[in-house]
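Following are the structures in question.
Next come two complexes built around chain A: one with chain B, the other with chain C.
Then we have the complex of A and B:
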């Protein structure tokens, strides 16, 4: 039992690190796009045009999910480091980070998908 | 002591990012029907990003995100490797330089608004 708890905590830690690195890679790409602002309206709008296809829409939703998972899991890790909920940490990962995360994801993703579908 | 400070700072910046990111998502993707469709354009965001208050918020957001992200990378490197003081300092130095250049690259985006 103790092993399982530890395993889950370590897995959650790895999830946190992999998602964190992915978000940093995204931040690089994001600044790269935003930097096009300095080259004027045409250059910026041309850069944005890249992101208007279904592939990038899907990647955007993946990014949204990654952000939510990283944020909620980060809160969970902080609480555990502070000694809160240590006995329940495995349940917390699934119920809290994954469960509540899924609800927030759907609340954000559904309006975006519906709006995107209306346009096309 | 420095590690404790670093730990706290990672949590504080994380909490700040939670607030800033929620606001960022709302303002850039949910506030209007145009944004929900994903029809971002220069014109759609120009008045906001030309506003100095928003520029301040966006730049602060970038700096906090860079701190959190690069400090996270530092934690990962130090955790998975056994290196001495010198190498640790070298890694920290490289990450600080990367952060400064990256921040400047972002701030520069507002140059011609």
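Then we have the complex of A and C:
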């Protein structure tokens, strides 16, 4: 933990790279699913049905967390490149990217989970 | 949890090697802990009392020369400025500084570091070397406002060892060299802009390779904000006005 605190910038960079790759994987899956529209509405509905199971619902939450983390950390990196908040870069990562990110995640994930529980 | 005196004697695990490319072997020593003992003190104690063949470097012992830079529990630090009591309990892991070739045990060669340092032409180049007049640097200039705390570099190589980009790209200049280039380019008296811009703009080794990881800033024993120098230099290089000159 001490290492993570001292080298928060490196942690942030690894988080950004990993979340970027995860989003790339999701984009391929997303385009592949949308492509089903070219085969007609039935094919598209069938493709969407694949995602209506607990595994994909959980992955959906993971995607939500990844998007938030990647977006907030991306803004953090842009601010730092512009010379804003360099001296507070550790706090920017842990409080802004992770902390506020967690709050936004919970604000979005709780209704998602509740809605999924009501449907099942 | 920090080391307690009551826990003495203390274990120190040193990564030893007879040179670059030769197998590294961890060797453990037990050292009685004294109050205010530094990692360098412990190394001397091991060398004097247990193993005279242990190789490490030091000179000033007060954090001014940067010679005793090593990796302490995975973090590049000055051995003479690292008190054992401030470290986590458990065997202390000592290893040579990363990203530099090992000469023996904890001693590394700083040749690659200074090769990069030389590439940015670190020497001051005035417009008129023969001039006897004192140059007046305005207090409002970017040089006067942003560089004073960046002039304390002791070329210890810690930033070079801590740099994540350096670990994957041998051609990268490294934070210390870029900080030096920043100081020279921002200096309104210095005129050697083009010579310095060439290595700084290189695709594989230049300033654009920095990923803003802040490892150099976090590790620098003199508290130099190296990442700030690098990002300021990037912005200045993109600016049409570039650098203020007298």
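Note that the second predicted complex is superposed on the first by the 114 of 120 C-alpha atoms of A that agree within 3 Å, B and C clash if a C-alpha of one lies under 4 Å from a C-alpha of the other, contacts with A are read in each partner's own complex, and residues count from 1 in each chain.
We take it that contacts are C-beta pairs under 8 Å (C-beta built on N, C-alpha and C of every residue); 3 or more make two chains touch, one makes a residue touch a chain.
Predicted model, so just to flag it, every value in this text is computed and none were measured.
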{"item": "Overlay on chain A: chain C relative to chain B, clash or fit", "value": "fit"}
{"item": "First (chain B), second (chain C), both or neither touched by A:10", "value": "second"}
{"item": "First (chain B), second (chain C), both or neither touched by A:38", "value": "first"}
{"item": "Partner chain in contact with A:98 - chain B first, chain C second, else both or neither", "value": "neither"}
{"item": "First, second, both or neither for A:87, with chain B first and chain C second", "value": "second"}
{"item": "Which superposed partner A:65 touches (first chain B, second chain C, both, neither)", "value": "neither"}
{"item": "Vertex chain A angle, Cα centres of chain C and chain B, expressed to the nearest 10 degrees", "value": "100"}
{"item": "Superposition-derived comparison: chain B or chain C, residues of chain A touched", "value": "B"}
{"item": "First (chain B), second (chain C), both or neither touched by A:20", "value": "first"}
{"item": "First, second, both or neither for A:109, with chain B first and chain C second", "value": "neither"}
{"item": "First (chain B), second (chain C), both or neither touched by A:79", "value": "neither"}
{"item": "Distance of closest approach, chain C and chain B, by C-alpha atoms in Å", "value": "6"}
{"item": "Those residues of chain A which chain B touches in one complex and chain C touches in the other", "value": "81"}
{"item": "Residues on chain A engaged by chain C in the complex (per definition of touch)", "value": "2-3, 6-10, 12-13, 77, 80-83, 86-87, 89-90"}
{"item": "Chain A to chain B touching residues, read off their complex", "value": "17, 20-21, 23-24, 27-28, 31, 34-41, 44-45, 48, 51-52, 57, 60, 67, 71, 74-75, 78, 81, 108, 111-112, 115-116, 118-119"}
{"item": "For the chain C and chain A complex, residues of the former touching the latter", "value": "74-75, 88, 162, 164, 211-215, 217-219, 225, 227-228, 231-232, 234-235"}
{"item": "Touch list for chain B against partner chain A, complex", "value": "7, 11, 14, 17-18, 21, 25, 29-30, 33, 36-43, 46, 49, 62, 65-66, 69-70, 72-73, 76, 102, 105-106, 108-113"}
